[in-house]
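Chain lettering (A, B, C and D) follows the sequence in which the chains are written, and residue indices restart at 1 in each chain.
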Amino acid sequence: MDKTVADLATAVAGIEDGMTVMIGGFGGAGAPIELIHALIDRFRATGHPKGLIVVNNNAGNGHIGLAALIEAGMVAKLICSFPRSADPVVFTEMYLAGKIDLELVPQGTLAERIRAGGAGIPAFYTPTSYGTDLAKGKHVEEFDGRPYVRERWLKADYALVKAESADPYGNLTYRAAARNFNPLMCMAARVAVVQASRIVAAGDLDPEGIVTPGIFVQKVVQVANPHQEEDLNRAHATYPLEA
Amino acid sequence: MQKLSNNQIAWRAAQDIADGAYVNLGIGFPEKVAQFQPPGREAIFHTENGILNFGEAPPAGQEDWDVINAGKKAVTIKPGTAFFHHADSFAMVRGGHLDVAILGAYEVAETGDLANWSTGPKGVPAVGGAMDLVHGAKRVAVITDHVTKDGKPKLLKRCTLPLTGVGCVTRVYTSLAVIDIEGGRFVLREKLPSISVEDLQSVTGAELLVPGPVADLIVPEV
Amino acid sequence: MDKTVADLATAVAGIEDGMTVMIGGFGGAGAPIELIHALIDRFRATGHPKGLIVVNNNAGNGHIGLAALIEAGMVAKLICSFPRSADPVVFTEMYLAGKIDLELVPQGTLAERIRAGGAGIPAFYTPTSYGTDLAKGKHVEEFDGRPYVRERWLKADYALVKAESADPYGNLTYRAAARNFNPLMCMAARVAVVQASRIVAAGDLDPEGIVTPGIFVQKVVQVANPHQEEDLNRAHATYPLEA
Amino acid sequence: MQKLSNNQIAWRAAQDIADGAYVNLGIGFPEKVAQFQPPGREAIFHTENGILNFGEAPPAGQEDWDVINAGKKAVTIKPGTAFFHHADSFAMVRGGHLDVAILGAYEVAETGDLANWSTGPKGVPAVGGAMDLVHGAKRVAVITDHVTKDGKPKLLKRCTLPLTGVGCVTRVYTSLAVIDIEGGRFVLREKLPSISVEDLQSVTGAELLVPGPVADLIVPEV
């Protein structure tokens, strides 16, 4: 079994108009910048995919990565917890102009909904958001005398994920807090596409230390020296990047 | 009546496992399926207790009792093995990440209902992961003798024993035939060349539909 | 911070009559035999704790570990998925004699209920057990046209857990498939008591490879060469063990 | 009117964090609390994005942007640090494993309701982990100036801004006082010696109960 693909274009092939795409990362940590840029390249060349529903904790920063995806006009709706950043101008302007929809989800509920999607749990109850505007229209029920809000799973057609090491089976490790939503999104997507800094041989990853078992991963592409979103933004980069 | 051995039933079921498939085999008889993977195809086996991509049993005396399968038998690790906890393991099951689960059965109904966990109110009930597996894998298949030890049909209109799952089985590999479940009916796909459709019907507790050609079920001695 | 305690008796102190105690392990792998035996020792010396509600995947094997706990008459009720084993005579006889209650839970539902208890999710929906005797009396609801059974979280007063390595913060690693329910039970118990084969200094565990972060652990005791249940049973051991 | 600086409010809040406590500090002002841990006590800090037991900020230029806190500021690892994914992180939060969460506030009601995520329908709403934190930690405390920049009370009978959580706050550390919330009422515990209860009441939007002695709120210059 070999889930590795040769290049980024092959990795993001199959993502079509209107699909739901989960994108890993918390701010810049764990953001699969190169996969996102490959998707933008395809859009620039073909006009597709567009009308995407994107799930991410944030809404992009500056003019690279997720912000560039939004700026390109490829995203119809964003499902996130915190659409603010050091430089949130791209999302902010499009949102205030009514050009992009927003579903705001508390961060823990977002994580749990994604995990539920991956784990076959169609709905669960959480105390989070009870009594707030974000619970409006949602089913509320008491357990042991305390009120809880019912939330539905989140699933995706594709997930774009950044990992540290991958083997040909798709077993993954991450780097520090770049882990964040990435393992959950692998679980919740029909096709999890992973950019890994290092592809190693089967058996080279300690089976005790594998964070995402390969069953949750469909495609892996090596990106040996990935960009860090924070570094790009500190350099005021925009996409397409200058060579 | 000629019939396939358990090994032969397992062999037949193994032929339908695609290269690269993620597979869970129920404890006991279904574990045999792993022995008959067709050459050139690689199946990745999952066990509920937290191992993906494990290898065959170790030689006697070389067991590591922390490396066991759901039946508590010793297995081995190999390049690409991953360990994880029980909630992640059943996320794999319930979340639809397994391509196929192959299970044993007391009874299978034409509705796809499966009874394989309890023979009734006597004794100590035990369910394990069976009820999760039937609702998780993309394809749930059963391997079984076509009839009980007493010669009674195991393929029925409705199950009489406590159910494991409702409408979950899509293919049954028996000692006599390969039967799909479609639209709440048994559809005969393959049968031993030596027995007639009528004979097969006579040991089956619900009508066998024969909408198309029935292939010969030919299995090597294994 | 140092969560290590000096001995097994101190580790299991605090477990009182009628408490719910989760015990890790799947069969013998990951079973905290020494913690269980320490609890039996206390019962033999003091008559307590008794009337325990025990959560485990199984119901013990032979006459050591969980089986010995049951045989000692300390367990009023068992919540498990598979109360059978190579030698299940202890549980079987007590169950058939009506001396112990059984709540039978499908294995994945058991794992998810324990995780839910640890994660603050009071209830969730699962397809598992729909239409079966084990769903009787449970709330059923359709999502996207498919029926699901609602299940409640499981929490415990104490968890008895077997780990491979622990640091003074209670960060844990496990060994192979001895992991199983142990990390979940740490999450779901008010007090998670861990026997670790090795206690190492803070910083000696790779922060990427920690399976149970210390926040889920309250007490750690070193048991350098723990018994393996399978080995004891193959030697037909009974508790108290011969020296 | 004399008042405490933000550092002083953070200092006061830090005094109530027990040795060995697991603590989440909201982004921004509450992060300051970490600087004032009393000597001899060790708090273990949790950040929603998947680090437990992280250390202080690295020197400028030595940041690792994969080691950040929920405010996306660089932090450091230290002996005992653990990494985990977001679902495990919020299991820690929602599952009641944190001893205390210290958050900022726009408004706090005597009911314990907190408003700290939205100033109304204008602009881009953003909630982050605030709504999870208020329902998870064993103790939810607020640090805040006693009044708004316009001098209006932030401690109210009922919140006027969109709520973050209902009945969740149990203690408020302000620039003037320490106030508990008990039985749906503000209970004054400490106040600056230089101001009277009447003066404090005049800048508080709901009645302050004074059922027992009020300690002097004395904080060093920090």
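Just so we're on the same page, a residue touches a chain if its C-beta (ideal position, glycine included) is under 8 Å from a C-beta of that chain, and two chains touch if they have at least 3 such contacts.
Note that the structure is a prediction, hence the values are computed from the model and not measured.
Enquirer: Where the contacts of chain B and chain C overlap, which chains show up?
Expert: A
Enquirer: Comparing the two chain pairs, does A-D have more C-beta contacts than A-B, or is it the other way round?
Expert: If we tally the contacting C-beta pairs, A-D comes out ahead.
Enquirer: Centroid from C-alpha atoms only, then distance chain A to chain B, rounded to Å. What do you get?
Expert: Centres of chain A and chain B (C-alpha means) sit 36 Å apart.
Enquirer: Which integer distance in Å separates the CA centroid of chain B from that of chain D?
Expert: 56
Enquirer: Rounded to the nearest whole Å, what is the centre-to-centre distance of chain A and chain D, using the mean of the C-alpha atoms as each centre?
Expert: Each chain reduced to its C-alpha mean, chain A and chain D end up 30 Å apart.
Enquirer: Give me the residues of chain A that touch two or more other chains.
Expert: Residue numbers touching two or more other chains: 112, 115, 119-121, 126-127, 174-176, 207-208, 211.
Enquirer: Using the touch definition from the top, which residues of chain D touch two or more other chains?
Expert: Chain D, residues with two or more chain partners: 77, 83-84, 87, 90, 93-94, 135-136.
Enquirer: By the touch definition up top, name every chain pair that qualifies.
Expert: The set of touching chain pairs is A-B, A-C, A-D, B-C, C-D.
Enquirer: Taking the touch rule as given, give the residues of chain A at its contact with chain D in the complex, in rising order.
Expert: Those in contact with chain D are residues 26-30, 57, 59, 81-86, 88, 91-92, 95-96, 102, 104-112, 114-115, 126-134, 174-184, 211, 228-231.
Enquirer: Can you list the chain D residues touching chain A in their complex?
Expert: The contact residues of chain D facing chain A are 47-51, 63-68, 72, 77, 83-87, 89-90, 93-94, 113, 118, 123-132, 135-136, 162-166.
Enquirer: Name, in rising order, each residue of chain C that touches chain D in their complex.
Expert: Touching chain D: residues 1, 115, 117-121, 167-169, 171, 187, 201-204, 207-208, 210, 213-216 of chain C.
Enquirer: Under the definition above, what is the set of chain A residues touching chain C in their complex?
Expert: 112, 116, 119-127, 141, 143-144, 146, 148, 152, 173-176, 206-209, 211
Enquirer: In the complex formed with chain C, which residues of chain D make contact?
Expert: Of all residues in chain D, those touching chain C are 19-20, 22, 42, 44, 46, 52-53, 77-84, 87-88, 90-98, 135-136.
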